[in-house]
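Got a structure here, written out as structure tokens. Questions coming.
Lettered A, B, C, D, E and F in written order, each chain numbered from 1.
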Amino acid sequence: MEITNAERARILVHALPYIQKYNGKIIVVKYGGNAMVNEELKKSVARDVILLNLIGVKVVLVHGGGPEITEMLSKIGKESEFVNGLRVTDSETIDVVQMVLAGKINKSLVNLIECSGGSAVGLSGVDGHMIKACTKDERLGFVGRITSVNPKPILDVIDKGYIPVISTLGCDECGNVYNINADTAAAKIAAALKAESLISLTDTPGILMDKNDASTLISHITVCETDELIKSGIISDGMIPKVECCVNAIAEGVRKVFIIDGRIPHSILIETLTDEGIGTMFEEG
Amino acid sequence: MEITNAERARILVHALPYIQKYNGKIIVVKYGGNAMVNEELKKSVARDVILLNLIGVKVVLVHGGGPEITEMLSKIGKESEFVNGLRVTDSETIDVVQMVLAGKINKSLVNLIECSGGSAVGLSGVDGHMIKACTKDERLGFVGRITSVNPKPILDVIDKGYIPVISTLGCDECGNVYNINADTAAAKIAAALKAESLISLTDTPGILMDKNDASTLISHITVCETDELIKSGIISDGMIPKVECCVNAIAEGVRKVFIIDGRIPHSILIETLTDEGIGTMFEEG
Amino acid sequence: MEITNAERARILVHALPYIQKYNGKIIVVKYGGNAMVNEELKKSVARDVILLNLIGVKVVLVHGGGPEITEMLSKIGKESEFVNGLRVTDSETIDVVQMVLAGKINKSLVNLIECSGGSAVGLSGVDGHMIKACTKDERLGFVGRITSVNPKPILDVIDKGYIPVISTLGCDECGNVYNINADTAAAKIAAALKAESLISLTDTPGILMDKNDASTLISHITVCETDELIKSGIISDGMIPKVECCVNAIAEGVRKVFIIDGRIPHSILIETLTDEGIGTMFEEG
Amino acid sequence: MEITNAERARILVHALPYIQKYNGKIIVVKYGGNAMVNEELKKSVARDVILLNLIGVKVVLVHGGGPEITEMLSKIGKESEFVNGLRVTDSETIDVVQMVLAGKINKSLVNLIECSGGSAVGLSGVDGHMIKACTKDERLGFVGRITSVNPKPILDVIDKGYIPVISTLGCDECGNVYNINADTAAAKIAAALKAESLISLTDTPGILMDKNDASTLISHITVCETDELIKSGIISDGMIPKVECCVNAIAEGVRKVFIIDGRIPHSILIETLTDEGIGTMFEEG
Amino acid sequence: MEITNAERARILVHALPYIQKYNGKIIVVKYGGNAMVNEELKKSVARDVILLNLIGVKVVLVHGGGPEITEMLSKIGKESEFVNGLRVTDSETIDVVQMVLAGKINKSLVNLIECSGGSAVGLSGVDGHMIKACTKDERLGFVGRITSVNPKPILDVIDKGYIPVISTLGCDECGNVYNINADTAAAKIAAALKAESLISLTDTPGILMDKNDASTLISHITVCETDELIKSGIISDGMIPKVECCVNAIAEGVRKVFIIDGRIPHSILIETLTDEGIGTMFEEG
Amino acid sequence: MEITNAERARILVHALPYIQKYNGKIIVVKYGGNAMVNEELKKSVARDVILLNLIGVKVVLVHGGGPEITEMLSKIGKESEFVNGLRVTDSETIDVVQMVLAGKINKSLVNLIECSGGSAVGLSGVDGHMIKACTKDERLGFVGRITSVNPKPILDVIDKGYIPVISTLGCDECGNVYNINADTAAAKIAAALKAESLISLTDTPGILMDKNDASTLISHITVCETDELIKSGIISDGMIPKVECCVNAIAEGVRKVFIIDGRIPHSILIETLTDEGIGTMFEEG
């Protein structure tokens, strides 16, 4: 199918009300899953973020990096202990986490945005001691629970014209570094920034009534309904903590929270600049 | 033909390099012809201008209004004298010109932009004595030749966040008001603003080798080639002064000058945000 | 009578406390009547406004233009319908109103100030959609009632160093334009700007106990006293709506409101910079 | 003679072009002679300065204080040595100079301006080490020759909204304080500030062809003519150094320099805001 | 004893937490006693103030000048009347006070700071009419009681990068000047500036349990305890009004108030940048 | 040896002229060697940097990390190829370099500064594409030669109040990342920032005439003398490239360049804030 430029222009104009809606607002994108692995999807995210930035949206990219951490740990032959199925993060492990998140993934993402024509600066929760944390469970070591997020370093970086890319390390006053769950961090960061919206890129189409049938996507869920959906098992397993982060973000003042399918190219743009909701949107109520 | 939102997103992303190119730059749009008469085209121009504005382009809209002036003169039963086929602009006529340009067309255009979600302020060459002029030919009365353009009022209006809409009146130190050719004024204003580009909306596809065959469009003309094209009669009649304005604009430092077909919806966006040149582009050389 | 320069200097110094009083404050001048017709008076108003501007007073000029509108309507042979003696403003009429107010009178006034050495920019209620209005009475067509005044465009123009000259058009979200009574608009604008004072130029010496005897001028009226004066017929006819505007302006926070005689040269300066009150001042109470 | 307020307003308007001329410009007033002694004249100067300040002129007041220094020295019984008729300024004397200039005269002047409704801050050449000096003649002790003037403290005080009042002390890197001739200091300060004009208040009507006949006032002198006038004895005695300061100020870029009669009330206003030149104006050429 | 540079560096680093504590805060130093007489101590104070300024503390120096006033009065042979042992400040006396404080001491202090590499501007309570006062006791003449302190001139001077040096004159609307007790003025100034701390340099080690035994220094006193200490005679004579000023400063919001021994070189630095409290600190409670 | 607080204060005051000299200037510290390994020395550097920052010096910390990279490579069992004794940096190796430099060392350093009371943000040459590079030698893979340094991200971070900590990665337009020699990078960064001085922390006392005798330290070397010293073998081996960086930094406008002994605690402070030069200073000439 050939699309004429007249068609293209018309499409740009259709985006106008969406552009007006988000102009000057902050959108936090939780980056993860396939969108962080597949080269094409990575470029697609970078371009979405740059485009939003150019049209006046303040995009903040928050990333974790579970699979790459696991890969690196195995590379150095580190064998992890587990408590209740959760990996114990000892001193050597947190060093690897720090390297992979703040050194590898963060800078690669910054590099990708720069090479696509954007301007980015990478930050971790350690920079400006932005994410303060403490031990979540003493048996798990340096797995952190966020105690506070200082939005100043992020706003400073935005103010100077860069797209902030944030790796979710936490730290405490004694200099300990903690691994922080990226969904939780993104929600807390969105709240601290009083963001207009939080968009979480996942490897599912959103919340499905029937996990195996994409056509059963639930487009809107109110905060109240989530409890019921968890009880009934529709929201289950790994989706539960993600949904809890969404609910918390709304409770702390983020206007709109989305779980969308990061496997679809330009899913961020589709969600923000078209009339199509391509995932599940969480609302107050 | 149905266009999916995925397609839409891809199209937005394709516009990215063009958005980056014009970000923060000034584009002067000479508004005229059918695009100023047809209701659909008017809305299309308003939306184009607002969209460009939102994505960081500083658009300045310059308009004339020949047909509406003629209509108003006939309405009040004013019979004009003519010298060499040019209308003599006496005191009563310039009053009508001022009313129609600065009162009717200017404010209607501002109104249209505001109603489409943009923010606009209308200026005339009299405001801040922005366009200084003197008599072009004493036999023609208040038909003016521009002596200087003060870009400050336009930049002030941009700085405060409005899209400036300019009607092409001139004035002198004694308080006389002059009718100024809108093509000339747009070129001078673009030069005074050190604009990135000047886009002139006309009722032709651009410069055609064969006036009756749109497929003979000349996409690029260097300033040097225009002389030859005028001599050979390819550029003729009413197009000659338009082309001279284009050439002058380039001589005074405007980077790129376009004559495009204002009858095509969203022609401004097509020219600026796609890879299609839909008219004739004038270049130095 | 010869006045020495020593005398002149002394007079300038006498103005000092008045200058100090108004320094940095906003004065809205409702311009109308003879002062808008007589060439000498027009120049006198322009100079007063420029002088006040130079000594640090932020003057805002608001004008209507009834007589010129009537003249233009008759010129185009438009016959108006009347309802209860009020002209019905149909679509063709509002077009003429817009042209005369925003095109002719507004720009002529701007031109006059510029030629007298001041710096002015003309605005209408349409620019920046500054004056929002709706139909006052459906039988009267586009005669508007103000629903809100956005002071931002006026303050922006002041901030950039220009004297704002405002024609009293209103507009709504659908793009309709309305004719707004200039006294009402001036009062609403003064209120929206939190002006120090509102000065209304009229063709009377102020409120007179005996309409035919200028020596019976009432210098001060409290808001409370106006009711009584209207009931007793001392304030009557066309003066009633003017007085109501004054009372409303005070109710909405304008500190001082004056009705002064615009037929006296430099009446604005006399009122603001000397100890003479040359009209009627309205006060709270 | 009774002056009506209409007359007053007309006079204010006559001042308009002069106000426009000086708006935003710096005028340095060298304050001295009778104008610094007579209570009425002092108040007149204070009001002139405040008025000029309010209408947008940046006035800088520079004062000396010879007679009061002499009086104080006699009060403490200090007997001065003289070299070639010039008083030797020893350590005890410069202490008295400092006290009288920076303590008594400076603060009294500041006080007078404040009590008249202006806002003033007193500075000496010691503050911010604004006036750097060295010994003029080793036999005279702490009589200084200016080596440089740093305009920053003066501009800082203006920028914060105060009228700067400056006493003409100098200082060096070792902490020595010097008495500086006030005419010289005013000229150097005017030059350092790139002042529009320097007005020197004296006890004469200006430069007279015949010293005893005020009607022989020379209104304009070019720099070139001064040599001749000195040679011919028309400029003589104490007027010679004053004239030299004027000539130097012009040489260093001050546009206009005046010697005016400080004994005439409001002489500063008469000189700046009327068409009357009441003293002698020095011009380049 | 030789101190190595390694030792020096270590000492600088030890000051780090103190520097961090005071960074960006205002400290008012009441300067008086021996520290204002002894040449070495004067230089020591100047250097302390400059050092604090450089490390980001906003130091305000407030001085009186009793002994020099007395000396000057005796020099001019002025015999003062006394009421209840207090000197009557007549018109001639206040002139001397003004000269000595604002002319001699203030400018000498400014000069000393400038010569030591700092940047200072001297102000008196008359400048910007910063200290408003009225007669304290009609029998004492121009001895003033502060009615208000306007912190703007001090903050303006700090904002422009100078260390403000303030002589404690007061003034009223009529132009009268008053001698103000420097302790009182410093306390009021500290309160008006919402200072972090007020440090008073005296000729005692602080409040002593036994006036003759420096080892009985009371390091901390709460506001409540002062009453008891006055009643019991431990705080007595000239120390009583000093202590009352300290108590008042705390009551008006100054966080910490110190009376320290100005006879110890660099006592200001010792108090602020080391762990040693070298005087008495007053606290709330 | 007990040092009294009086002594401490005196020492702080002795630092005054040095503080004044560096106030507002940029100092680039090349961090490396033992100072980056020993825990005590690391804390000492952090405190030095924070102290300098607080007293108004803009410190930029640049670090490499050779030993930790080697250690990590060995941990993952990576065997490196060597060309002429230089390690070939293949794709897997540069990934490790990026992780160790930007992830481990950079964030640990930021963390250390934050925990010591400073405020820091870590940057790499990838952030804002600050360090542009290309391949130095195709046989060595991703070992980079700097083509340009963009100082904007560093200045932005300083402007927002943070101490920038920089890891010396380079990047190119295609997204390749390069390992950059830290000495070279520090010199280029100092030049791009127009730094006042560049201080390189090493594990030697500086340039020694006799490598084995610390007492033969050369305190000052002019750029001209370095050639001779290299030829004569006094500067040899690993010191040669370090010295070349120093010489280049001076050639590109850095005022003063030092090689100092990072093994001495607080060596940065000793060099900058005392009269002792503890290493070798390179000067123009």
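In the analysis below, contacts are C-beta pairs under 8 Å (C-beta built on N, C-alpha and C of every residue); 3 or more make two chains touch, one makes a residue touch a chain.
Note that the coordinates shown come from a computational prediction; the quantities given were computed from them, not determined experimentally.
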For chain D, the least number of touch steps when starting out from chain A: 3
Labels of chains that are neighbours to chain D and to chain F: E
From chain E, the most remote chain by mean C-alpha position: B
Interface sides of chain E and chain F: same vs different residues, half threshold: same
Most remote chain, CA-based centroid, reference being chain F: C
Geometric centre distance via CA averages, chain E-chain A, whole Å: 56
Mean-CA-position distance for chain F and chain A (Å): 35
Whole-Å gap between the CA centroids of chain B and chain E: 69
Whole-Å gap between the CA centroids of chain C and chain D: 45
Contacts with 2+ other chains: residues of chain C: none
Chain contact topology (line, ring, star, complete or other): ring
Complete ring sequence of chains beginning with chain E, oriented so that chain F follows: E, F, A, B, C, D
Residues of chain F that touch chain E when the two form their complex: 1, 3, 5-17, 19-20, 23, 44, 47-48, 50-51, 54-56, 117, 264-267, 269-270, 273-276, 278
Residue ranges of chain E in contact with chain D within the complex: 72, 75-76, 95, 98-104, 106-108, 110-112, 114-115, 119-124, 126-129, 153, 156, 159-160, 162, 169, 171, 173-175, 177
